[in-house]
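Reading through the structure tokens given below for one structure.
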């Protein structure tokens, strides 16, 4: 789509885009190229010596089982966060869609976690699940669960998944609700007249019609799980135990900042960039299709 | 900013503004929180009042890794502090950073400040001394892992509270009893790698790595997959399975489990004593770390943890004179004795240790001398004077990951320690390559 | 709704109430913990009704901070967070508005190139290029400054796209009428585009305010000076208490303070918030 | 007040494809010109070129004797009324009307008098403080005109200004525009696709098709003598019946056994294929026995005053307009008399009117 009307000026548009382009170049492109450059170097922490090593950082990564594990962890983590988050939000949205009384109140009560920083969410859950003082840990132990996420990877994973899902539910909920409310009532009424039960109506009419929203949320949630959960992980498990919750972004941060291994961290950044670009292309294609549709 | 440093800054600003004869400001970045932080401020103030040429400005910069990261970034950006407190695992990284740091022995020599490395406790100074015997950084807060026992729990389990287990064999007996008596958590530990790999090695006179634990050269290799190491880790896993050992995390999370009474025994830093004393509602004792009596030479001596002050490069000679003066000030026996008794960290000079010993402090505060005694149990061997591995922040994490893997039942101890050695060596090689 | 069986209605409310309870539970525990003494929290299990330490804890954190962790007063951190959130939100709106205006209402060489340049930034979340970005900011000498906190986060493809989409819906005739009325591009921008974009701006403001307030990794990296901490990282630093035990009551009070402003913005500006969410993502 | 001359104006967006193929018209001072044609015929583009909103690829446009090809819209001394009114939604009616004056630096008092005068003419007085969204469609339309009037420009340009209104309002606004033009006497160019608007409003109309001016002339002149099949079909409602046929012996065989004689002046150079045009209103019902034009009645549309009689001659559908109650029964044979002077003859191949 293009505007029919245009203003003509040989300098004004450049002036107008200048701030954005300047910031983009300085804080996006320069660092991105820097990352690519560094991924070919081995440097000491203080930047006093560096050597060009071609693809050695990448080769090391491919052979590093911790890195491969991190891939697996990321896959498991984002899958869980995405599916649990979507499922719970969908149930809530379906329930809220049909509620007339108190709909606004429910909505208000359900959306505020979006405003909570993931690091703060992490802190809240770290407190709830703290091994010795946490109230949920206490309840779990009282129920006979051997709850110790500082050692048990699956429990640590569960913890960060719960915290991330908690934070993401409001977002999914809002989109599902909007999606549900945009489905023409007449369609559902027609199905009801055809004799379909509510459950059947949901699966045969509502859910398929929601699929654009669902697909969109799928991508957004995967991206969320990839990046926005950094705060949750840093505030709770810090990637442990034994790397069980070390997602890719956390490893980039850890290796680059805490372990001062800039070469490896940069190589991981480059790999992440490729992944993100792939994800974006998927999303973009989807948007294109939606436009045609 | 803490209030005191804020004041200091204000004063500095005021001085600069009035154009009065400016003092040379010395930035000190540290990671000491709470009472420890107050002590650092207090020492700085006292130093500032003792003379008028220099002004030490202490700034809390977050945890050890955070403050080190900040300093590295600041160095790269050209505004590093004069003095940086670096935790023990960062030692090799700092040593390798030629040009970024000024070795303390050189600093003191250039400033004509009296300095005798022999005045420092060998178990402490050794950690920060290069192969030629030159002290590279100034040890500040040093502690060592000790063994805490809940005497009340012992009593309840029918054990003799006055007799804490000396060996792991005795430990097993006690653990069994405690468990049978219904103790929810028998034993836990803070800092797993520091206690159960690094100090385990030193305590049993076993090498952690070749080349004298890396002190003699960057081309060292880890040796923590020896049969003795594997046996110890296997034992821990076995204890965990029996419910005698509860893993609490990589840092000091275990301490809360001990002073809340949940766990009856704890191995963690000697510096945790003050905290435990404040919070524990029961009697406890501080003891030497348990050892395996069938390993020859055990118990040897334990090694330290904590942090030292590194002097960053690229500053004026005048500022370095001030830094040297400050370090001289900090080594004074009075000050060291005060630091030791008020914080639980060990004194760094022999004179200070002697001074405290002469008082009745240890009698009044049983257990506070355990750390020193343990550190000086025997003259340090190449295996027990310290360690120096490149990028050991990462290296230690690898070891801890592997131990966690064993405790979680994911792999056997042999496999885990082999993996730890292999992965650790990769980090060492990379560090070696980066610091050619 | 087609049928309204009481059982279904009941079920729906039950599901929703359960959802609300699950969502609110952590908040409740946080609030309760922020009104207790540390000793009360450490007695496992902690009570689930508020205690009497509300004023004590909150005034402590607001004016002095934790006694054991980083000892920066939370009041200062809140101010930093506010500055950061406002600067990011307003800055984003400003630069995105003008760049979207240029891209939509002008034809000029490199226009598509610029457009793609901005688009590509969508693909590079700050987390991915965090270390080199840090290096850039450090080279520019703006570590530990508001400039360093905000500038790198101000460029945003999302906001530019939102405005671009919105401008596309402004009828062409409006610009034509303005041209005939004698308005130049900037006059048109100020007199017509900006007033018409008000709702989009409000929506974007809510989203970006939250985004700015909740930043974690970036301020974590570039602030090492306590006077520059934001409240989100301030909390985290209270937990890594080194040798001391975390003062959970104070941490939780700080957490409440950290989450209240953005939550208030979301709830009070709910209409804009929902609009902003839906539109920025389309 | 001004004369507008359009000479050899052509427009293309992409090289080689012309949207406007070369228009030559001159519009007299105070004239009301309607450009009419189906959508996509280039009429709006032409208007926008006059306004200065589109560049002129070739040719010249002058307003008041001054060539304006490179003159900014604001400096052309024209005002424009848009189809969707293009009112600034966030400004009050008063501000909408005065915006152009404010930009041009008119004094407050001056603006006030002009706006009030326009408001009076358009009966907008009570609405000046309102926002456009608080107005009805007709009122918005009037505000749009008010915005044009206050400027007192040399020419008004109307771009389909009535098409967003409902049928009734459209008729009313049409009358108002007529009245306005009578009062102000400003040169006006009015673009529409609605031939009724064109017929009723225009002093002269320009019929356009596919970027080409088909015919320029007074409405009745165009109606009486459409220059082409296109114009003939476009002007008049219901549309003219076209009976294509081949010429034999001076007569056109339109099928169904009907032969229509060519008027004498055309006889000599008539092409082989000729289309005969008959407006539905020119088929006059007649009694049996006459030399009639007959076809079987298929459908009747009763409109009240008139009835439309549909049928086919050969394969060609045909409509006749008869008096409301005079419709024949469906299935019966309708009989009509043809009035030779009302018949139109076109070259089927070129579409051009056959003229003597």
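Chains here go by letter, A, B, C and D, matching the order in which they are written, and residues are numbered from 1 within each.
By definition in this document, a contact is a pair of C-beta atoms (placed from the backbone, for glycine too) under 8 Å apart; a residue touches a chain by one contact, two chains touch by 3 or more.
Model, not experiment: these values are computed from the prediction.
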Chains in simultaneous contact with subunit A and subunit C: B
Chain pair, C-D or A-B, that carries the greater number of C-beta contacts: A-B
Gap in Å, rounded to a whole number, between the CA centres of subunit D and subunit B: 94
Whole-Å gap separating subunit C and subunit D, where each centre is the average of the chain's CA atoms: 57
Cα-centroid distance, subunit A relative to subunit D, in whole angstrom: 59
Inter-chain centre distance, subunit A versus subunit B - centres from mean C-alpha coordinates, in Å: 38
Per-residue multi-chain contacts in subunit A, two or more chains: 5, 132-133, 257
Two or more partner chains touched - positions in subunit D: 53
Multi-chain contact sites of subunit B, meaning residues that touch two or more partners: 69, 76, 256, 260
Touch-based graph of the chains, sorted into line, ring, star, complete or other: other
Chain pairs in mutual contact under the definition given at the outset: A-B, A-C, B-C, C-D
Footprint of subunit A on subunit C - complex, ascending: 1-3, 8-9, 11-13, 15-16, 19-20, 22-24, 26-27, 29-30, 33, 41-42, 44-46, 48, 94-96, 98-99, 101-108, 111, 114, 117-118, 120-125, 127-133, 135-137, 140, 151-152, 154-155, 160, 167-168, 172, 175-176, 179, 184-186, 188, 210, 213-217, 220-221, 232-233, 235-236, 239, 248, 251-252, 255, 258-259, 262-263, 265-267, 270, 273-274, 277-278, 281
Residue numbers on subunit B that touch subunit C, as the complex places them: 1-2, 31-34, 36-37, 59-64, 66-67, 69-70, 73-74, 76-77, 252, 255-256, 260, 269, 271-272, 275, 279
In the complex with subunit C, residue positions of subunit A that touch it: 1, 3-10, 12-14, 16-17, 19-21, 23-32, 34-35, 38, 88, 91-92, 95-96, 98-100, 102, 106-121, 123-128, 130, 132-133, 135, 138-139, 166, 169-171, 174-175, 178, 188-189, 192, 198, 216, 220, 223, 227, 230-231, 234-235, 249, 252-253, 256-257, 262, 265-266, 269, 272-273, 276-277, 280
Residues on subunit C engaged by subunit B in the complex (per definition of touch): 42, 44, 67-72, 134-135, 138-139, 141, 143, 221, 224-227, 237, 240-245
Contacting residues of subunit D [partner subunit C, same complex]: 48, 51-53, 72-74, 78-80, 82-90, 99-100, 103-104, 147
